[in-house]
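Across the two complexes that follow, chain A remains constant while its partner is chain B and subsequently chain C.
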Partner chain A sequence: MAFTRINNKMVSAQIVPGQRVLSQRGSMLGYTGEVTFQPNLMGGQGGVMSMIGRRVANEDTPLMTVEGHGTVMFGHGGHHVHVIDLVGDTLYVEADRLLAFEGSLQQSTMFMGQQGGLMGVVRGQVTGQGLFTTQLSGKGAVAVMAHGGVVELPISPGLPVHVDPQAYVAHRGQVTNKLSSALGWRDMIGRGSGEAFQLELSGQGMVYVQASEVKL
Partner chain B sequence: MSYPPQPNNPYGQQPPPYPPQAPPPGYSQQQYQQSYQATQVGMPAPQLPPPGGQFGAPLLQAPGGEGPQVWDPHSLPADDNVNPYCFSVDLNGAYYLQKGKMIAYYGEMRFSGIGRGVLDRVLEQNFNSPLHASDWVVAEGRGKLLLADRAYDLNSYDLEDGNLTVRSGNLLAFEPSLRLKQSIIPGFLTLIGTGKFVAASNGPVHFVEPPIRVDPQALVGWADCPAPCHHYDHSYLHGVLGGIRHLTGIGGASGEEHQYEFIGAGQVLMQSSEALMAERSVGVVGEQSGVPHQQPAQAVPGLGNLGNLGDLGRRFGL
Partner chain C sequence: MAQFRLQGSKVLAVDLAGDTVKARNGSMVAYTGQMGFKKLSGGGDGLRGMVTRRLTGERMEVMEVKGQGTCFFADQATEINLVRLNGETLFVESDNLLCTEATLRTGTSFTGLNGMASGNGLFTTKVEGQGWAAVTSRGPAVILRVAQGLPLRVDPGAYVAHTGNLNRALKSGAGWTTLIGEGGGEAMQVEFTGEGLVYVQPSERLTFGGDA
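And now, the complex of A and B:
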């Protein structure tokens, strides 16, 4: 495992020659050894078209490639850091929540319309995920950021999990998500419960939820 | 009212036991009487098993505790953390603290600006940093003083004839036996001598040993080792691709071109990066030859106007 947890807001990564780590720009806290930080032209995600799409949608997150040999500490903005180990499955996470991940992971961009067409786009806008989300698949570790600590909620068939869209961090596995709304006449007159929209995740997998409703 | 209040009788009457004792269902009469008698004579109530619910099942409790703990002037720790975010100073005399970090106190104390009291004249000999004088106050008196800072983790450190340099915004309070000076790194303060001080950090402090290079934002302070030097690294701007990157700004900068490099023996204190924390104003050292002074804000040398295209450039990939 590439990432070692130092405390709830910092992780350290062992960098060895030949294995790169990608991280958000500016998230390095300190390092020992000889390590270089190279800004990643593409934003790292998908092909050229996805790069342009993300930039037009103003959803690109600048990444940098970390190479060399040594130990690098990562953390950003005082946010809590959660390390997720992927063993061949797929993690769906918003790109600006990515702190660092191993270069062995395959990275691609998913257009929200691919999951449920127009509703997917609407869902992306409501949840603050935007039009695109990032997929990481393969074998390796990911460090994601959250405001407040992270809880893992397992999703199993027949037991869907409902999550506040603002507290949603990431999910993994074979999961379909849909936006369920509980809008009623109370919301129309401004007496709503404040929980009109929920993200319903069903299938088999895991959802990561932060203990805060502050978006990064 | 005198401080400290008399033990056993802080408010002139015996506080009623809380919660009011009533025999929970399924609870034997004998145990109940025992606990009743114990509270009558002022002894701590014996540990009762958690009261059962309606069907004898234990009631739901928050994991790790029974709820908020109630402190009084005697149970508050002396010069120790109340919880990770709050520190209790057992004040007897004077203490320097940064403005706005006091959240509560017991006892009799007075807060005055530096250089306004009688005692201050003496104390001011320890305060060799006139540029910071407006950020600090002196607490004088006796009592328990509670300090906190934006839910940041607080830690106290004991110096024994040592020196430690800490980011000025992160230093909360220090004993007058320490002397405060300005570090030659702008925005940092150096404490010299023997005594205790309290500092805040975003997340727990992580100690590392040199040699290490640290992002300026992640640096809380350092102890014993020599002052750091700047380390610039923009090697990716060399070569053909690097030249294009340099001239056009395509690809942007990694944001990690500049670090503080520590060498020698000592300790470096790190925190998670603090984008959310406002810098305290530290004033500017007058410009003289030989005195390092703060440069006007300026990009990393050699990077030119990289990234000056702003949001428009970023959207179109330039």
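And now, the complex of A and C:
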């Protein structure tokens, strides 16, 4: 467990030699000990091809590598921070919601079109989330940001969860997501209920939802 | 019977079993089960209510949520207060009303000139009947009791809602210092007298009184 909650908007990380932490650039609030911050030109892990992949996919949040020996505090923009422990499973999260994660995790970019084909592409465009999302897998902890705190909703077979795309933060597990639209004639004439598009998540896993409809 | 419960302090979870709730347009963040969303024109008070709301400026974009399962509502990370009504009336600013049970009636009520001067508008939203209502506030609201002989004065920008038999009147704390621009920023207050409860948020909306 690399991250310790200080309050609901700050976390601290124990840095020991040989274990790196990657964090969003500029999100360090304070530190003790001997710690260095290296800007990560690659924007993450996985070599030059991954870097190009991220540039193309516009999932290239500036990251920095934190190394050394000491304790570092992280926080950003007054947003609530939620720590998620991964035990060999995969977390899907928007790059700009990532505050920090352990270097032991594998980072990669996933094309949304892989899930749901054409509808996946439409989904990314409509919801403003883009066509790509960041994928973290392995063993380690991730700190994600959300406006107004996070509610965890379990997804189980036969019990899908529908989420407002703006309130969606992240999800983990064996989950397929697709855009479901409840567009009707009311929306066409401007009398919509404001809930025309929803993300439908089904399978087995967990979805993280924030208490606000403000995108980061 | 819709069940209202809080998931944390900022998310409202409503369990529905085929029944209906009214909620602010677009405030759903997630749901499980089957849900349908339908916009109610003009705040859902019927044609007369719609005209009244247009005229009074207490406009509310309301949708009707009907279905089976659990629906989660939240609004801009504001805190949510649950209010149980047993036949009494809740007065609330339309901006602060998040969700009500379908059994509750909503309408507008005239607050008089004091509303106008305080920047809250001439009218406020009235909720009455039996059931649950969810009221939002910026920061956790404090509930202050007003009793006979114990009037309460509230900053109009921090006022959220009230229940009970209360009279509201605008009080001015403005003196000659206010006129020369040296006011304390508390030129206007709303005074509540009678018996009831007032919900006050730890944050102030921009009001005319706050500028003076």
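Throughout what follows, the second predicted complex is superposed on the first by the 204 of 216 C-alpha atoms of A that agree within 3 Å, B and C clash if a C-alpha of one lies under 4 Å from a C-alpha of the other, contacts with A are read in each partner's own complex, and residues count from 1 in each chain.
Quick note on the criterion: a contact is a pair of C-beta atoms (placed from the backbone, for glycine too) under 8 Å apart; a residue touches a chain by one contact, two chains touch by 3 or more.
Since we're looking at a predicted model, the values are computed, not measured.
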So in the superposed three-chain picture, is A:20 touching just chain B, just chain C, both, or none of them (first/second/both/neither)? neither
Answer with first, second, both or neither: which of chain B and chain C does A:178 touch in the superposed model? neither
For A:28, decide between first (touching chain B), second (touching chain C), both and neither. first
Name the contact category of A:7: first (chain B only), second (chain C only), both, or neither. first
First (chain B), second (chain C), both or neither touched by A:64: first
Please work out whether A:37 is in contact with chain B alone, chain C alone, both, or neither, and reply first, second, both or neither. first
Specify the partner with more touching residues on chain A, choosing between chain B and chain C. B
Do any residues of chain A touch both chain B and chain C, and if so, which are they? none
Contacting residues of chain A [partner chain C, same complex]: 147-149, 151, 153, 159-164, 167, 182, 186, 191-195, 198, 207, 209-214
Quick one: which bits of chain A touch chain B in the complex? Just the residue numbers, please. 6-10, 25-32, 36-41, 51-52, 55-56, 58, 60, 62, 64, 73, 75-79, 81
Across the complex, what residues on chain C touch chain A? 7-11, 25-33, 35-39, 41, 61, 63-64, 72, 74-78
Spell out the residues on chain B that touch chain A in their complex, using ranges where they run on. 202-204, 206, 208, 211-215, 218, 233, 235-236, 245, 250-256, 259, 268, 270-277, 314-317
